[in-house]
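Before anything else, here is the set of structures, which you'll find just below.
Two complexes, one shared chain (chain A), two partners (chain B, chain C).
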Partner chain A sequence: MFRGLWRSVGFLFGCALFFGTLLLALLAPAFMTLDVGRRVGLAYMPPSREHWLGTDHLGLDMLSLLVLGLRSSLYVGLLAGSVATVVGTLIGVYGGYKGGLLDDVLTVLTNLFLVIPTLIVLILLSGSLEEGRSLTLIALLIGSTTWTWSARAVRAQSSSLRARDHVALARINGYGTLHIVLLHILPYLLSYIFMVFILQTASGILTEASISMLGLGPYDSISLGTILNEAIRNEALGDGAWWAFVPATVLVTVIAFSLYIINTAMESVFNPRLRK
Partner chain B sequence: MPIPILEVKNLRVHYLTRFGTKVQAVDDVSFKLNEGEILGIAGESGCGKTTLVSGCMGLYIPPLYHSSGDVRVLGESILGMNRERHRKEVLGRKIAMIPQGALNSLNPTRRIKDLATDMLTSHDGGAGKREISERLTERFERIGLDAKRVLQAFPVELPAGTKQRVVIGISTLLNPKVVIADEPTSALDVSTQKSVIRLLFDLMDRGIIASMVFITHELPLLRHVSSSIAVMYAGELVEHGSTEQVIFDGRQPYTRALMGSMLSADPGQRGRKPVAIEGAPPDLKHAISGCRFAERCPSVQGDCAQTRQLLRLVGERHVRCNHAS
Partner chain C sequence: MLQNHPTLKHVFGRAGWYFITFLVAITINFFLPRLGDSSPVDLIMARAGSNLDAATAREQEETYLLEFGLVQTDPSGKILRDSAGKPLRTSLLAQFGRYLELSLRGDLGTSILQYPRRVGDIISAALPWTLALQLPTIVLGWIVGNLLGALAAYRGGVIDRVLYPIALLTSAVPAFCVGILLVYVFGIQLEWLPAVGGYDEGMLPEASWSFIASASYYYVLPFTSIFVIVVGHQAIGMRSMCIYELGTDYVKYAKLLGMNERRIVLYMFRNAMLPQLTGLALALGAMVGGALVAEMIFSYPGLGMAILTAIQGNDYPLITGCTLLITATVLVANFAVDILIGLLDPRIRSGRPSAGPTGGDTSQPGAATGADAPLMAVR
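Coming up: the complex of A and B.
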């Protein structure tokens, strides 16, 4: 199965794009000085040999801002994705396996959270936090509002697995619930949960970019969203300073796009109905 | 009088559909099982045999619910028992089950050794690794398996007959008092079927299991394995007697029809058209006041469809038919 994955052009292309951006975020500081603490030139200086992506409205080096923003966005995405996946998986697997009233209650709870417009809640929550709006807090807020569809997707799978013969035998033999869930149901769902995690990460990055662009992002950090917000607020578009917003937009798009491609490629390999 | 190993008293079990409709899948079932006995339960598909097994084991998982009645193992009721106690002391230890479709019952992601170890550690948390390993090797060898090789294998590496033996080996690791074998041989070829049945008998002879409930729709098989037979129809026991009585002298019309539909490999049977029971069982979503077999019964009488049929003693066996004699 994994051999099939390595033969998938989409998977390799998606991985190359994603790990390319990840390497840029992780290794760039080793090759260049990331300095956003001092002005290196005038406002909105175009790209040059010294400053490959020009400067922002304060005269700060745009490339340094972009690398730092990329690191923050990836951090938020991965943390939000992890929270949403873990919470959604726990609720989905447990509800799907147990069934009955508990499952009904968890499904109602999930549906309730699902119909709440996440972005509006995030905007209200972020707006209400005057101080301490850190990257971690934003990531946790995103994760705790987007777990719903992970829960629904995992619940459906878990519910179908609980009727499998090997799960029935484990139950008949008196294995504990936790044992059955961890050793007889979760191994079947791992590839699925990993795909859910990928999508949740992509969604986390896009959501962070959206709320940061609206000016409700982290106070203490630079993210791709805050770069876009600064560009809008300081009329980069009007001044023709494309370097202030195009690279950040491209990076957000590339990360989300690469994760979606990886997910689709994995699904076409792991899902026997889609396998060619 | 000795305490029966398994005693089922007026057990009623129902399913609750999404729309709140109650389906009484097992209705007023009673039987006793003593040490060394093998009770065969026969009936057509969908008559409630497997639901009865879940009910007897106290495994009520929604949408299956207990309506009324009791199940006692060695005199102690297992229904209403604390869930953790039920799991540790009843399942696998007092009552074990060999399920339908045992060939898919082994988790393909784990080695046989791990699956068997789970059985022991789920019930005896304190057992050491070495002790477990010795116990598994000893038991697997006793049931005729190459323990060293089989324990290290993944289920996919084993042939069907071995898989079934492994399932039996794991399910009986704790020497249960009753083993409920729910169509344990239905997916096996004839020769493998025989070896699996011989293994179950062997386990009884060696005292590893004390008694057995054997569920199947293969009547010739029951004739060979069971000491008594209970026939189920639409959730009810319609006749319960010794194997000879039920097979050769059934008094309930459904029992007779079921035995009549049995195919035989005897030379005199060649060219004989198989006899099928016309019609279909009733829809249990609706309450049925009279005989459940009335619509299909060749000996139906005017009051059958309205009058409740009670299980009564007819010629030393229990029959649910007011007109049986």
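Coming up: the complex of A and C.
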């Protein structure tokens, strides 16, 4: 099954792109000094030999800002993606396998919160959390509003597994729920859950960027979204200071695009009916 | 009686379900912004208060307290006071009751930032811009995207190899990134099109030809930024739906029978369309919300700008007014498509009673179309 993945051009390309940005975020501090604490020049200085991406509206080094922003955006995405996937998987697997009253309640709740737009809930929440809006809190909030989608997707899969023969055999043999879920249901869902995780991570990064652009970003960190927000608020577009927003835009796009094609490639490998 | 009318039963069931969802949404809408402890009256007073003497300030404050329903009144509308002469504050629950009553009557309250303008007036000035920008763009993009997707799947070959990667790219690019790049390249570098605003600055919105001409000129860039994404998104969904349908037994059987090619395509298209309708619901639902960021970049005078200025100025009545409207739109769009799908697909209206508001999973091959859901939410 996994051999198919390594032969898929889309998967390899997506992985190369994503791990490229990940390496950039992790390794850049080892090769350069990140300095965003002081002004290194005038406002919106174009790229030069000392400052590869010029300066922002305050005269801070754009490249350092960008690397820090990339780190926070990836952090938010991975954290929000993990929360949404873990919570969604727990609820989805339990509900799908067990059924019963608790499952009904959970399904109703899931469907309820599925139609209420995530962005709206986040805007409302962010407003009242004015002072304490840290990067981690934002990631947790995003995760706790997007789990509904993973729960629904995983539940559908696990309830179809429930009717399989090997699960019935395990039940007849007297194994407990935990044993069956861990050994006979989850392994079949792993590739699917991984795909959910990838999409939730991409969505987490985009959501953070969106709310930061609206001016509701973290107060304690620089993210790609806050860089864009500052650039737009401070007339970078009108001043033609492309270095203040094009690199951040491209980075967000590259991350979202790479995760998206990884997901699409996995889907066509694992679901042969979608292949021609 | 309803047992004999599955369609009616379906409609009523869904209507009840959406009503409950709306109640939950309106509750969230009221309580979430009030988790913090800032009161609108304190905000207005902080804005205006410093140059007033104490007596006028107190009088002002009491007018505002009354206006926002924060103090208890007797039936004649006079403020009730405690023994020290201080106004009695209403409980949060009583405020919620008043809020529910007013909202259901369509009264969204008073803006803080643009006091004394009504929230309803601000929204109804902004809403037409958002609708005019989003509705045609999404519907047109949906049609074009589905046609291209079906074409790519059915014809394959060069068309597919060119269309598919392009669609993948445009559907994965966040809306605001397309917006920023378009503004920069066409609006500022090349100066082909106006970069920001909804119409010429020297004009006032009116029903004249010159105004319409100006507005359509400003329409091009925001339209393109949303259109490209919708087309990409829908084309990919439709393409995988069609490929899935091509592999089904009924298509193979029809081909074996030597059925007319065009007829097979027609059957296939009909079946592949169903999940795409859900996609349309999601897109229309995300419409007003998705406008936020796009409108911010283009400084388009719609709801997005209204909510943005509201957020920057802590204008809670305006924020909650906008979010309530957006939530209601999303619910109505979902409801409409639910009903439509129920009418078109007998499996859904007769089947699973407690399936969620966005319809059953019956017609989805794996994660082919549902998988895009979290990404849709952002746009």
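In this text, the second predicted complex is superposed on the first by the 272 of 276 C-alpha atoms of A that agree within 3 Å, B and C clash if a C-alpha of one lies under 4 Å from a C-alpha of the other, contacts with A are read in each partner's own complex, and residues count from 1 in each chain.
Just so it is clear, contacts are C-beta pairs under 8 Å (C-beta built on N, C-alpha and C of every residue); 3 or more make two chains touch, one makes a residue touch a chain.
Please read these numbers as outputs of a predicted model, since none were measured by experiment.
Q: Clash or fit: chain B against chain C, after overlaying the two structures on chain A?
A: Fit.
Q: With both complexes overlaid on chain A, does A:P29 touch chain B (first), chain C (second), both or neither?
A: So A:P29 meets neither chain B nor chain C here.
Q: Which of the two partners, first being chain B and second being chain C, lies in contact with A:A202: first, second, both, or neither?
A: second
Q: One more residue to check, A:G174. First (chain B), second (chain C), both or neither?
A: first
Q: Taking CA centres after the superposition, what's the angle at chain A between the directions to chain B and chain C, given in steps of 10 degrees?
A: 90
Q: So, does A:L183 touch the first partner chain B, the second partner chain C, both, or neither?
A: Only chain B is touched by A:L183; chain C is not.
Q: Is A:P46 in contact with chain B, with chain C, with both, or with neither (first, second, both, neither)?
A: In the superposition, A:P46 contacts neither chain B nor chain C.
Q: Between chain B (first) and chain C (second), which, if any, makes contact with A:G100: first, second, both or neither?
A: Only chain B is touched by A:G100; chain C is not.
Q: For A:R164, select first, second, both or neither according to whether it touches chain B, chain C, the two together, or no partner.
A: It touches chain B, and chain C stays clear.
Q: Residues of chain A touched: more by chain B or chain C?
A: Looking at chain A, the partner in contact with more of its residues is C.
Q: Between chain B and chain C, what is the shortest CA distance in the superposition, whole Å?
A: Minimum C-alpha separation, chain B to chain C, in the superposed model is 6 Å.
Q: Could you pull out which residues of chain A sit against chain B in one structure and against chain C in the other?
A: none
Q: Tell me, which parts of chain B touch chain A in their complex?
A: Where chain B meets chain A, its residues are 57, 59, 61-63, 87-88, 90-93, 96-97, 99-102, 104-110, 118-119, 122-123, 167, 170-171.
Q: Hey, which residues of chain A end up touching chain C in the complex?
A: 84, 104, 107-108, 110-112, 114-121, 123-125, 127-130, 146, 149, 152-153, 156, 192, 195, 199-200, 202-203, 206-207, 209-210, 213-216, 228, 232, 237-238, 240, 242, 245-246, 249-250, 252-253, 256-257, 260-261, 263-264, 267, 270-271, 273-276
Q: Taking the complex as given, what residues does chain A use to touch chain B?
A: Contacts found on chain A: 99-101, 103, 164-166, 168-176, 179, 183-184, 187-188.
Q: Residue numbers of chain C touching chain A in their complex, please.
A: Counting only chain C, the residues touching chain A are 20-21, 24-25, 28-29, 32-36, 38, 156, 168-169, 171-174, 176-177, 180-181, 183-184, 187-189, 195, 236, 240, 243-244, 246-247, 285-286, 289, 292-293, 296-297, 307-308, 311-312, 314, 316, 319-320, 323, 326-327, 330-331, 334, 354, 356-358, 361, 365-368, 370-371, 373-375, 377-378.
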